[in-house]
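Right, I'll just put the structure down here and ask away after.
Chain lettering (A, B, C and D) follows the sequence in which the chains are written, and residue indices restart at 1 in each chain.
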Amino acid sequence: MSSPAFVFPVRIYYEDTDAGGVVYHANFLRFMERARTEWLRELGYELTALEQEFGFLFAVRSVDIDYLSPAHLNDLLKIEVSIARQGKASLDIDHKVHRDETLVCRARIKLAGIAADSFRPMALPFTLD
Amino acid sequence: MSSPAFVFPVRIYYEDTDAGGVVYHANFLRFMERARTEWLRELGYELTALEQEFGFLFAVRSVDIDYLSPAHLNDLLKIEVSIARQGKASLDIDHKVHRDETLVCRARIKLAGIAADSFRPMALPFTLD
Amino acid sequence: MSSPAFVFPVRIYYEDTDAGGVVYHANFLRFMERARTEWLRELGYELTALEQEFGFLFAVRSVDIDYLSPAHLNDLLKIEVSIARQGKASLDIDHKVHRDETLVCRARIKLAGIAADSFRPMALPFTLD
Amino acid sequence: MSSPAFVFPVRIYYEDTDAGGVVYHANFLRFMERARTEWLRELGYELTALEQEFGFLFAVRSVDIDYLSPAHLNDLLKIEVSIARQGKASLDIDHKVHRDETLVCRARIKLAGIAADSFRPMALPFTLD
């Protein structure tokens, strides 16, 4: 009964791959951040505006990621974004990465709202639902 | 009288920036490669197909890049691709990067055609004009 | 009663940071891989030799990482490597990252031994203890 | 008759390579910046101190780089740094990258001194000779 996830496409270029012939494991975190940023943009929240208007930043608190199938040069991946849990000053996001029907990897990423000047916890200046 | 350049958009995320608050200089080379890859794809040439069908790869031989204006988080850059010179086993590309009307950087990148197995020079298996 | 962990130093350069003024979260995974590689080298196992002699590769299966304190430009981080669990075809590694006495982040990374040609599970060609 | 160049070692890890099995071309710019930073540190100038004490930053104005021989996983490269020309608010650096006796690539990188707050030209707060 969950709402359909936001999906952002990412094409794989040489910069994303390594000498094993696959996408380097750390780079999936970059793709997931691109997808989160575009998801927030579609909801009306630009990261730069949140910082300028509210002095608000997201910080990554933890990442739990499972790599299930390798991705390769020229693959067109689909990065899903869905809310796992929203707290007052935190936001847990679930990501799934698919190439066609294959689940490439999945992750839960916990974000904290922080004040840009002090890096102390700060309530999210918006609600998502 | 040159044909209009191919233009590929690149959004700037945290991954692309550095502690100076601007896009890290080496990352423009990544954006330019994305643009070249999409330009070739539009012309009908996928890098993976060129390697599988012809055993052909592009190697970067040189880069001359001038940085004219900084780019920042959340900028939407436009990466231009145009042919400066096509040789039998080489291809020189000119790139310009704009944010709106501002020229952010420009580069000439010389590519060599090489055989995927030997890394020796190899004629381009197609012509561009 | 555990043996002292292997520690590898990593200096933070502009390439590692982002516009938030801190080390970009995905980059700690790169530092941890550098440390694991140097730890294996010190034990006598070079990744390139393992592949050439045994057709053996490590693949990252999962990462659980907690970010506790930000790191900044010019910091000199110490990346610890210790074995959490060694299986027949798997190796779980614990990493801790310190700047002086401050714990910056910690992670458990699960590696699988795979055959370089088939990407199927393969027993580690060595034991660590 | 030039003074001997400063040399900084860089080990190649998976993060540095691409699916072509070689070091990704943009990454040499990262290695060169590491080497410049360590060269300045040895001369007594830390980038963070230059910014905090003088409000001074270096910005990369241009890069001319020639790629002569590929580098691979596990290579130990030596990155040379030498001064090509020092101006009042500019510094041109020559880099050579070797693996053993093989010249892998060479570059001239032009840096500008800028004020951290305005990004306007600023005289170097030190002389090198």
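Simple rule for what comes next: a residue touches a chain if its C-beta (ideal position, glycine included) is under 8 Å from a C-beta of that chain, and two chains touch if they have at least 3 such contacts.
Predicted, not measured: the structure shown is a model, and the values here were computed from it.
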item: Fewest hops from chain A to chain C - one hop per pair of touching chains; value: 1
item: Contact-richer chain pair (by C-beta pairs counted) among B-C and B-D; value: B-D
item: Chain whose Cα centroid lies at the greatest distance from that of chain B; value: C
item: Geometric centre distance via CA averages, chain C-chain B, whole Å; value: 32
item: Inter-centroid spacing, chain B versus chain A (mean Cα positions, whole Å); value: 26
item: Rounded Å distance between chain B and chain D, as computed from the means of their C-alpha atoms; value: 23
item: Of all residues in chain A, the ones touching two or more other chains; value: 14-15, 20, 26, 30, 33, 73
item: Interface residues, chain C side, partner chain B - complex; value: 14-15, 17-22, 24, 26, 72-73
item: Chain D partner contacts - residues on chain B that touch it in the complex; value: 20, 25-27, 29-30, 33, 57, 59-67, 70, 119
item: Residue numbers on chain D that touch chain C, as the complex places them; value: 11, 13-15, 30, 33-34, 37-38, 46-48, 73-74
